[in-house]
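There are two complexes below, and they share chain A, which is joined by chain B in the first and by chain C in the second.
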Partner chain A sequence: MSDRTGAIAVRGMKERTRRGASLLFIPGILIVVVFLLMPVVLLILRSFSSSPAGNPDIFPLTIDNYRVFIQQFGYYASHFGKTVLLAALGALLGALVAYPLALGIVTTRSRSLRFAYVFFALTPLLVSVVIRSYGWQVLLGPTGIFGQFAPGTNGFIGTDLAVVIGLGHLATPFVLLSLLPVLDNLDMSLIRAARGLGANAVQVFFQVVLTRSMPGLVSGLVVSFAVGATVVVTPQLLGGRTDRLVPNLIFDEMTVQFDWNLAASLSTVLMVVIALVAVAVSLLESWLSPLARARRASLSMGR
Partner chain B sequence: MRDYGDGKLARTFAFIACLFLAAPLIAVIGSSFTSGSYITFPPDGFSFAPYEDIANHPGFDTSTWLSLLIALIVSVVTTLIALVTARGLSIRRRAGKRTGLLDLLFLAPIMIPHAVLGVAMLQLLQGAGIPISPWPLVLAHVVITIPFGIRIITTTNEGLDLNTERAAEILGASGLELYLKVILPQLRPAVVATFFLSATLSLGEVGASLFLADAKTVTLPVRLFQFMQYQALPFISAIGALLIAVPLVIALLTERPFGLARLFGIKAGRR
Partner chain C sequence: MTVSYKGFTAVADVSFTVEQGKTLVLLGPSGCGKSSLLNAIAGFVPVTSGRIQLGGREITSVPPQQRHMSMVFQTHALFPHLSVIDNVMFGLKVWHGPKRSKAERRERAMDALRIVHLEDKAERYPDSLSGGERQRVAIARALVVNPEVLLLDEPLSSLDARLREELRFELARISAEQHLTMIYVTHDQEEAFSLGDEIAVMRAGSIQQRSSASQIYNEPRTAFVARFIGGSNLLKCTVPSARDDVAQVSGRPVRCRNPWSVPQGEAYLALRGHALTLHAPVADGNGLPATVTDVRYMGAYSAVGLVLGDGQSLRASVAGTRDLPLRAGDDVFVEWIPEDATLLVEERS
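Moving on, here comes the complex of A and B:
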């Protein structure tokens, strides 16, 4: 709305304001490049290192650290497969929790209800994942309100269900972060139009609200998946001791086995797997999006 | 049709969602008042014994101080960097320039897993021969909290009235004057929200800290995690309950004036 007038005014502004602007990015870029990208690049290099553990030298490079994935393919395939599956289920559970909450925040007319929703949505971000996983441990453990109904002596602790619940709790705020801005910008007149054309509330939800918010929902799912597939604490506290997830294998290699080269190659493969899933999901999303479907339909009609 | 999504069915689902989010927190707080010697929920009787027991476990006090110190430094650094970066982004946007690549760069820390960051930093430190100290933890936490800070401040920035800026420009304010006297005061709530959120995130961070912990750099959540892996005692619930109650009470009291909801990209208190 005021963007155009803004642009005109800025054009008239003193040039120095704009020239100095790029300097403002220096601290942020420096921090992210030096303390995030550089360590990660070195980690990837380390995964190709042939120097023994404990030796800070990285060179010469080799692919030996990756040979183990082929030699013990079955072992690693099952651990990675389980990690992907549980993280995906956790992300879906997170979305299932986040969606009604987001919709409530955006649509409710009651100010106090809205405040309560926002407050509950914020709680997971304000409490450490250690405490939250511990809370689930209490609830699902043998003396917990849910755990006492579980077969066996350990409650639900050690089951995949417990891990998925913990990961779902972890995922919820990340889904909200991507979903809420999209829902907030949703054009309410679309809903009015759909209702006017005779759609009921459920139809409106699936055909208008959900479709329109799909980009935000999908990016939220991808971020939650990435978080869930890499968290150490939650599966360590809620999961089983035998069939462990990849982050826990990495944690063991770093702190117990001290095979840092293997830890580095495991981390690298995990990042690649996450990136592949992310790309696949967003390709699927853009393929299935109504806009793309409409375009394909018009193409097949010979336009 | 304003009430769409606010019907009985929608409210029920939203209520269940709130219950799910609150359940583990209620369990921690509830079990912290148990009078038994092991953790149960619902608790076994009522007592403050678990809270009194905290003092009998050495190490948790030093970890608490370390965590608080790190959180303080992190929130100062993150808030400053977020302010400067958000200002740069808003100048670029208003000049009609693209910010996509920069946005991506500053969002990257959300996409890189904390554990990977911790592993990578530990290997970097070892490679460079730098001994472990609290500083790598500070830097890791700054990296982790920056996207949240930038997001809170940017959301507020976008909502500012451009006319006040223009008026200051016309009256001859320099770039710095304009920022310090006109823009910064309007950003005050966002600054408070950023400060609080980065302190809280740092205080609870465990993914990266776990790998950067040696005998002297065990932060509070890492120590809790290390302890609860082998033993479950009610005093752990007591510490957990404090770590839940303090930030939540602060958030509850400051949400109306300062609005952490900005984090979600929605304008608090609209409508």
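Moving on, here comes the complex of A and C:
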């Protein structure tokens, strides 16, 4: 009898402490709501607004800001298409640079040397995007070490190539950061086993290292893509005056046309496009990657 | 060969030959250099000085993928993104041998899986296999390329005791059936004895003794070997004369063997615990008077702790499933036949 009341008392206490513990989530939830969720909600509300720029009041609501996408479908489709393409190419270029860097870093034996490599590889993150883009403007401009070989009088400035190079530079540290932990956790005996079975360095890379690091590579690519598709300065400084990217259109609507409502609807559509691409790439990875396929097969068979 | 990393010598001037179809076991405690030696043979670790030859062919600087050896790892190292059959076929796909059709490769991989009795798990993925099954797949994967030498780096250490024993017998069977040449690294004496045609006991980068299991057990070359294999008692003694096979222990002459020609002077006498018999105190016989310090019943035998007149202690394992009529403080006479006692010099380093 006394036993049972004891048990009830203990359970009551547990419930109370658990309820108390859940209160600890509140600061975190507040930060997420105030700093992440609210701006997005306000942005989406603004994209349905018809009140003039500068007016904090968003009512009355309208869908006119989205109607322009249907009215001028060709114009917006080509700008969004180009943004997606250049951001994707930039992310791929970043991956091409970051992968060998990551391999070099994880195979470094000395700890201090490794730290130095990681530090220097990530220094681009310490420098503003504006400075980095101006840097490329010099390098790719008519008198720069790369630009002097360009056919025109303006170096490579104003070409899509220049934009892709600039975006690739932005992407490199992000891909590197997501590759390092995956490659660090790669079981060295897998590489030794493959070598012992007769695989040369190229076969080891494509059949073992690349397959095993695919999850990290893909998440790095997705992050880089999102950064590349939203950055304003790089295409502004390195890209052409015509055929501009969506972030520049948004910037113009905000500061030149002063149409915040259209800027908001452009931003919302861009956000949705980036999210769709990210989801599509992740789905593709989990369908195609042999590693993910093996994991599914093991799961369905049970242990 | 010698293998050093940044001033640390992992393998110090080691030299040996393995005959075709035989198994050499490298046995030693962790950090003794046995894995470094194996990795140098496989080509994963560069040799600092010395040579490696395979069937008369110089392979010291040949890259690992061209050495025609394959390795089984402690962590099985199966490719998690490939099914069992694809894991086994991996070597056939990349091996620089005759080109084979996919059907032929599959057939050979299935043959290898049949050797390890896993033909019905061919389509499974490594994550859905048990530890023992994974290691058997790793063995099949290493066998399928017909390696000239099969290297095994503590292949059973990550398994539990029952599986370890099962796989040990399996490996012995496969090695006999396939006439494999194997170099097997382990720290486990039972594994070494049951698989090795020859056993090399390693310590601090060098081979202390290389010979058959029974010779290592009965005639340990050094005090380290005597202690590491089966835990011998080592008693300080003096050798009055190198020829007489007699040692002076605790002020008493006892008979023993001197296979390594230990010279006159200070030495050690190695005595297996279960080679000792305990009697009521007597004055004669080949042995020493001692006092019991503790008696522990172990099932198949009893472990008896003893101390000699000069304070040296030793342990005896007395066979039998009954409780011994002994207790701490009893005086006994420890006896052995001379063939079971071996004279050794102080450890060589």
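Definition applied: the second predicted complex is superposed on the first by the 253 of 303 C-alpha atoms of A that agree within 3 Å, B and C clash if a C-alpha of one lies under 4 Å from a C-alpha of the other, contacts with A are read in each partner's own complex, and residues count from 1 in each chain.
As a convention for this text, a contact is a pair of C-beta atoms (placed from the backbone, for glycine too) under 8 Å apart; a residue touches a chain by one contact, two chains touch by 3 or more.
The structure displayed is predicted, hence computed values, not measured ones.
*Asks:* With both complexes overlaid on chain A, does A:Ser22 touch chain B (first), chain C (second), both or neither?
*Replies:* first
*Asks:* Once the structures are superposed on A, label A:Ile63 by its partner contacts, choosing first (chain B), second (chain C), both or neither.
*Replies:* neither
*Asks:* Which partner chains sit in contact with A:Phe115 here, chain B, chain C, both or neither? Use first/second/both/neither.
*Replies:* It touches chain B, and chain C stays clear.
*Asks:* Answer with first, second, both or neither: which of chain B and chain C does A:Arg195 touch in the superposed model?
*Replies:* It touches chain B and chain C both.
*Asks:* A:Val223 in the overlay: touching chain B, chain C, both, or neither? Say first, second, both or neither.
*Replies:* A:Val223: touches chain B, not chain C.
*Asks:* For the overlaid complexes, name the partner, chain B or chain C, with more touching residues on chain A.
*Replies:* Per-residue touch count on chain A favours B.
*Asks:* Should A:Arg212 be classified as contacting the first partner (chain B), the second (chain C), both, or neither?
*Replies:* Second partner only.
*Asks:* Go through chain A and flag every residue that touches chain B in one model and chain C in the other.
*Replies:* 192, 195
*Asks:* So in the complex, the part of chain A that touches chain C is made up of which residues?
*Replies:* 187, 189-190, 192-200, 203, 207-208, 211-212, 289-291, 293-295, 297-298, 301-303
*Asks:* Given the complex with chain B, which residues does chain A contribute to the contact?
*Replies:* Spelled out, the residues of chain A in touch with chain B are 2, 5-7, 9-10, 13-14, 16-18, 20-25, 27-29, 31-32, 35-40, 42-43, 46, 56, 58, 97-98, 100-101, 103-111, 113-139, 141, 143-145, 168-169, 172, 174, 176-177, 180-181, 184, 188, 191-192, 195, 201, 204-205, 209, 223, 226-227, 229-233, 236-237, 247, 250-251, 254-255, 260, 263-264, 267, 270-271, 274.
*Asks:* Which of the residues in chain C come into contact with chain A in the complex?
*Replies:* 39, 42-44, 63-67, 69-71, 73-75, 77-83, 90-91, 94-97, 124-128, 138, 141-142, 145, 151
*Asks:* Where on chain B does chain A make contact in their complex?
*Replies:* 1-7, 9-11, 13-14, 16-18, 20-28, 31, 38-42, 80-82, 84-85, 87-88, 91-92, 94-96, 102, 105-106, 108-117, 119-124, 126-129, 139-140, 142-143, 146, 150, 162, 166, 169, 175, 197, 200-201, 203-207, 210-211, 221, 224-225, 228-229, 232, 236-237, 240, 243-244, 247-248, 251-252, 255-256, 260-261, 263-266, 268, 271
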